[in-house]
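Across the two complexes that follow, chain A remains constant while its partner is chain B and subsequently chain C.
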Partner chain A sequence: MNDKVGIVIVSHSPDVAKGAADMVRQMVGNEVPLAFTGGDPGGGLGTSVETILAAIDRAWSEKGVAILVDLGGAETNSEMAIEMLPEDRQGRVVVCNAPIVEGAVMAATEAWGGATLDEVRRTAEELSPA
Partner chain B sequence: MTDGAPVNGSVLLTHEVGLHARPSVKLTKLAKGFSSKIELAAAEGGPWIDAKSIVKVMAAKAPKHTVLHFRAEGPDAEEAVAALIDLVASDFPEQPSESVAR
Partner chain C sequence: MTTTLDAAGRRALIETAAAAVIARADELTALDQAIGDGDHGLNMKRGFEAVLADLDAIAAKPLPEGLKQIGTTMVMKVGGASGPLYGTLFLQLGKSLAELAPDAVPSRAALAAALEAAIVAVKARGKSEVGQKTLLDVLAPVQAALADGADAVALATRAHEAAVATVPMKAIRGRASFLGDRSIGHMDPGARSSEILITALAGMAAGDHGAAA
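Presenting the complex of A and B:
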């Protein structure tokens, strides 16, 4: 166990985050550690550093965690969350520059095969227009 | 450990939607289970793409009725080509570990 990179999905909308996670589970399966978070604590659209940290924890793998985000705040809050991680984990969490749904499915497929964190990130980012 | 000779095989893609998202993921996952180098092409002369690359397999967008060509090289090349052909020929069956809504 924990031999696969974990995937975290961070969206402004809890529905988008859950929907993207559903697609990963259905298409790739349950073997890859996966967590999602979305919405601000007040119930509106947004992201929160605290819930991102918790999601990283749920999807934690010794091989690292790849985060997929949607818009601006999701990215900056994810980066903030990474900075707040214990030092020994900081280097093993990355934010992927990729579309959230497609990136999550691609990253999870790559993670499923036992790829390294860097390979997982590169696979997700291969999708982005050149 | 390796016996060198590449193994080839081809199969008609009958899946209704072609090699789209879900079939691509299944094919890539299966390919990743083998240690051989495995390539895939939608035409006999190529271009050949890495069957273990989900991005490349999905980008190939092979439609229904495409003849998919596989070639593999390595210690389990024969098993790999046989398994991939079987997956396509059996129309990408749902694996029991996957939950299917709807």
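Presenting the complex of A and C:
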């Protein structure tokens, strides 16, 4: 299980996060560690550092974890979560600058093939305009 | 001028700041509905209510440790982008004041230096600079005034002027940036929440430690 980079999907909306994860599962399968989270600590639209940390834990792989986010707060909260990880894990989690759905599918496809974290990130980020 | 800030004094400071923000949650939400996603008031209220829920434990700690706990609570409980931003602010204030003697009131120089370091940390967290219609547009001028020797009343005035000055600015960061020119003409909600916090704390400093009594 841990020979593939993990993928975490962080959206403001739990429905969007789950929907993106469903697409990854259908298109890439179950071999890539995958977790998703959405919604703020009060149950509204937003993101939560606490649930992002938990999602990173669920998708954890010794090869690292790539996070896909939607809007600004999701990125800021994901970066905050990375800083709160144990030190030996911090360097092995990255936020990809890529569209959340397409990025998640591309990153997971790359991860499935055994790519490194950096390769996974670069593949997802090819979707973003330079 | 008092020279000590004991648990009762810290408790009063935290309660006053939290109550000021919670009382204006609806106003902050209204500002955020104009240019953001309309959750700033609710998020800040949730964060400070979580701080108040731990008030005894936080106030019992030395100021630097208490500030760090407030920061962690904001990070975990607020939710929106304001959580990591305000969380980073309080975490860095706590880190910067680490050498403070137990129950001592931080000096003006120490406070100004701590706030300066906290502003640098918030800039990095938000990948933002002054002039982009954010809380930094209140924090930075207030820090400059503090370093220049302004008294509490002048600091509150500066905070208010700075928040008002965000009205004609165009947002570059956060969701308001999607609005482009349409973000012009509205006060930034984060600038306003910073003003509220600074005004509440300055009010206590000006009233000099009735709080600590």
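Here is the rule we use: the second predicted complex is superposed on the first by the 130 of 130 C-alpha atoms of A that agree within 3 Å, B and C clash if a C-alpha of one lies under 4 Å from a C-alpha of the other, contacts with A are read in each partner's own complex, and residues count from 1 in each chain.
Criterion: contacts are C-beta pairs under 8 Å (C-beta built on N, C-alpha and C of every residue); 3 or more make two chains touch, one makes a residue touch a chain.
The structure presented is a predicted model; accordingly, all values stated were derived computationally and were not measured.
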When chain B and chain C are modelled together on chain A, clash or fit: fit
Chain B versus chain C as contact partner of A:Asn77, first or second or both or neither: second
Contacts of A:Pro41 with chain B and chain C, given as first, second, both or neither: second
Which superposed partner A:Val49 touches (first chain B, second chain C, both, neither): second
Which superposed partner A:Gln26 touches (first chain B, second chain C, both, neither): first
Vertex chain A; arms to chain B and chain C (CA centroids, nearest 10 degrees): 150
Smallest separation of CA atoms, chain C relative to chain B, angstrom: 27
On chain A, the residue positions that both chain B and chain C contact, one per complex: none
Residues on chain A engaged by chain B in the complex (per definition of touch): 22, 25-31, 105-106, 109-110, 112-114, 123, 126-127
Contact set on chain A toward chain C in their complex: 12, 40-42, 44-50, 71-73, 76-77, 79-80, 84
Complex contacts: residues of chain C adjacent to chain A: 37, 39, 42-43, 46, 75-81, 83-85, 87-88, 125-126, 173-175
Interfacial residue positions of chain B with respect to chain A in the complex: 21-22, 25, 28-29, 32-33, 52-55, 58, 95, 97-101
